[in-house]
C-alpha cells in the first residue's frame, strides 16, 4: 500500500487525538521524576503537526517535512525535538525513495523506522538500553522487520518495549540520579510512544 | 492610697496578663480594616514593660520611666508609641508630684489620666471623636473626675467609650477610607484599653 | 506560609546582619542598633536625608541608602514603625552640618517617632524638615491627599530628593524638591496572595483562589474593591484609569514609571503588566523614562504588583536621571 | 496558583515584548522571533557568546545579555528548550567574526537544538564551541560531573566568559575560561513551594506545609531528600556541607558566592541565609568577594533558595571583578 500525503495527514490526526487523550497520563508519568510536562508538550506538538497541512502537500516527503517544520517551531523540549527529528527522518527517507522514481509504501516502513531509531539515538546521544524512546524505536524496528508490517505489530512492539524496560533503571537525564526510583516505572517518552500508537 | 513603684509594677503585670489573654481578639479586631497586629504588638510591649524592673525603682516616677523606656525600645507602632507616651506622661506627672515633696496617690489619677489623654492626642494628632484610644482616655478622664476613682470606674469608662463610639465612623488612619465599614465595629485600640483594664 | 528563617524573634536582627555584611556600602549602628547608614557618608555641608519604616519591605527602606539616595534609615520591627531612638540615630547619621530632611511614609507610628526624634535633634541644633510619602491613592480620597499613606512611590521620591541634596541644595531646597516629587507621584497596588508576619500564626489576610484585592495596603490592609482575578491587561488598565486622572496626565506629558512586585510575583508577570502599561501610554501620546521594573517595595511573600507614576517637569526629570547608586538601584 | 497574566499561550511573547520595551539595551529578533540580543553589539572581532534556555527563569536567560556578559539568547517556551531556529538566530546575532561560544545549561532539549544550530552555523563559516553549565550537584554523582544539569551557577559562568570575551581572547581562550569557570562552580537548591506552568492546571509538584525539598531541580524535579522544614541556619550549613568538599575549598581559598532566590522567597530570607553562609566561611578562614544576593535564576513563583559557589584563582577573580553591565547585574 502506497503512503501518500493524505495517509500521513490521517496518521498525524490519529496521533493528535491520542496525544490529547493521554495528556494528563503522560504529565503524571513525567512528574514522578521529571518536570511533568511530557503530555502537555506532546499535545501541542502533535496539534501543530496535524495542522501543518500535510494533506495538501504534493509528495509524502513534503508532507513529512511540513510536519517536521511545525514540530521544530513549536518546541525545543527533549522529546519534542526528537519527534521533529523523527518526522525529518521520514521526510529524508521518503525523498530518497521518491528520487528513485516511486512513492513510499508500507514495505518501506521497517527501513524508515530503523533510520528514525538511529537518527534519534544520534540526536539525543542515548543508546539502546538507556530506557528512552530510543528503546521504543528499537523494538519497533525489530518487530516490523519480523513483520507483518501493521499497526498491530507496532502497538505490540511499543507495549513490549514498555514491559521489558519497566524493571530497568533510567540512564538518561535527571532521573538517572534516582535510578532505584525509576525501576518499576514507565519512562514517560516510551509511554508516550505506546499511547500515541494506541 | 499612695502609688509606689510596687503598685505600678503590679498594675503592669496585670496589663501584661490581660494583653497575653486578648492577643488574638485584638489581632482579629485590627485585621478587619488594619494590618492585624494590634494584639501581638501589645503583648510584646506589655511584656517588655512588665519586665522593665519597675518594682525595683526608688520612686513612682522612676518606675514609670523604666516602663516607658522599655515600651519605646520595643516598638515604633502607632499604638505602642502611644502606650510609651502614656507611661512617659505618668512618669512626668509623678515627678512633678514628687518634686512637691509627696508621693503620688489615687486621688491624683484623674489629673494624670487627663494629662495622658492630652499627651496622646498631641502625639498622634487625633482628636476626641476620631474613634481612637484618645476617646477611651477621654471617657476615662471624665468618669474618674466624677469618681469614685477605682478600677471599676475605669472599666465602665472604657466599655462605655467602646459602646458609644461603635456606631461612629473611624476618622484616623487607613480605616478612614472605609468609614462605612468601620461603623458598627470596635476600634482595635479602644478595644485594647477595655481588655487591658478588664 | 513557609519561611526560610531561624527564630522569628531574631528576624529583623539577622536580616540586618546579612544585609550589611553583604553590602560594604551600608553600615549598621546607632544607639538603637537599628540604623543603617552610608559607610562613606556624603560630604560635609550636604543636606542629609533620613528615612525609616517597618521591616518586611526589602529593598525598602534600608536598601535605598546610598549616593544620590538617602543617607540613613531607621528600622522598625516587621510592619511596625521605627522607634524614636532609631529615628534619632538616623537623623544624627544623616547630619552633615546642613540639616536633615526626614522623608518617610505617612504612617502613624513612623510620624510619632520621627516627630519625637526631631524635637530631640533640634535640641542638638540639627535643623530638620519633614516630607511624608503619600502616594497611595487607595488610602484616602484626593481631597484628603495629605492623609494618604506612602507605598512604592516613595522610592521615586528618594531618588529626586537624593539628587537635589547631591546637587548641593540647602535644606529648604531639598525639602521643596521632595515635596514636589511626592506631589507628582501616585501609586496603586493589587494583591493576589497574603504574607505572614514571622511571629504570627496566620497570614495577614485571606483571599479566595479566584480573587484579587485592588488597592490593598502594603501590610495587607483591605483595598478599594475585591473582585475576580482578571487579566494582566485589565489590571494594568484599571491601574492607569485610577492614576492618570489624579495626576492630570495629558498627551505630551512625560512620566517616570515604576512597576513593582510585592514579593512573590515573578518578574515575568511584571513585564507582562508593563507591556500593557507602556502600550497604553504610547497610544495616548504620553512619554516615559525607561521604566523601573522589579521588586522595589515588597511585603515579604505577598503576591501582586503595584504601579507608581511620577509626572515629570524639567526639574524632576533632571533629578530622576541624575547619577545615583545604592545596592538596589543605580542610575548612571 | 494565581498569576497576573493574560492568555497563558501568549505568556512568553508578552513577557519578551515587555522585557525589550523596558530595556533599550535588549532587542528581540531573529527568524524565530525568539532571540534577544544586544542593541549595541560588541565590537567586530570579539568572540560572541550565545546562550539559551526555556522561559520561566527570569532574569535567566535573556536578562544576562549585555556588555561583559552574553551577546544573544535563544528563548524557549516555559521549561522547554529553545528551538533550533532560535538557537541559530542567537548564534548569528552573537557572531562578530571571531566565532561563537554556545554557553548554556546541560539539558537534553537545549543540547539537541544547539547542536543542530551549530551544524548549520558552521555551514555559514561561523566557528562554534560549546560549554555546558553543569553546576547542580544534586543532578548527578561527582564521577558523572559532565552529566550534571546547569542551575543558578551559570550566571557566574556568564560573567567569567563574558569578561574573557571582552578582554579580546580568541574562541579557544573564551571557551577555556568558561570551562574553567564552570568546573569551579557548584550549586544546590532547596524548594519550599512549587510553581505552576502557565498552561498547566496544577502546580509542578506538591509538598507538605512542613516540608522542604533539598536539591530539587529548577523545574521542580525531585531532589536528593525531602525533610521537615528546618531553620535557615541549618539549610545554609547543609548547603555548605555539600558544596565545599566538592570544590575542595580550604582555609585561605577565595570564593564568589551567589545566594539566589527561586522566585517567591523574600529578600529578607536570602539575607538571613547569607548571614550564616558568610559567618561560616569567615570562621573557616575562607575569603569571598562581595556576595551576589537576589533573584538571579528563578522558577517563576517557586519558593526557596539556592547557593552557588565558584572557587577563584587569580584568573577567575580578575574575570569576576571586571566591569560588566546587563539589566540585572552590574559590576563596576
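The chains carry the letters A, B, C and D, assigned in the order they are written, with residues numbered from 1 in each.
As a convention for this text, a contact is a pair of C-beta atoms (placed from the backbone, for glycine too) under 8 Å apart; a residue touches a chain by one contact, two chains touch by 3 or more.
Remember, it's a predicted structure, so these values are computed and weren't measured experimentally.
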item: Chain separated most widely from chain D, comparing mean CA positions; value: B
item: Distance from the mean Cα position of chain C to that of chain A, given in whole angstrom; value: 54
item: For chain B paired with chain C, centre-to-centre distance based on mean C-alpha positions, whole Å; value: 31
item: Between chain B and chain A, distance of the C-alpha-averaged centres to the nearest whole Å; value: 75
item: Distance between the centres, which are taken as Cα means, of chain D and chain C, whole angstrom; value: 30
item: For chain A, residues contacting two or more additional chains; value: none
item: Per-residue multi-chain contacts in chain D, two or more chains; value: none
item: Overall pattern in which the protein chains touch one another (line/ring/star/complete/other); value: line
item: Chains grouped in pairs wherever the two touch, ordered by label; value: A-D, B-C, C-D
item: Complex contact set, residues of chain D against chain A; value: 32, 54, 74, 76-77, 79-87, 107-113, 115-116, 138-141, 144, 147, 149, 197, 199-200, 204-205, 217, 219-222, 224
item: Touching residues (chain side chain D, partner chain C) in the complex; value: 2-7, 11, 14-19, 21-24, 55-56, 58-59, 190, 192-193, 195, 209-210, 212, 229, 231-233, 235, 263-275, 278, 290-291, 293, 295, 298, 300-301, 303-305, 330
item: Complex contacts: residues of chain A adjacent to chain D; value: 27, 31, 33-37, 40-41, 72-82, 85, 123-125, 172-174, 176-178, 181
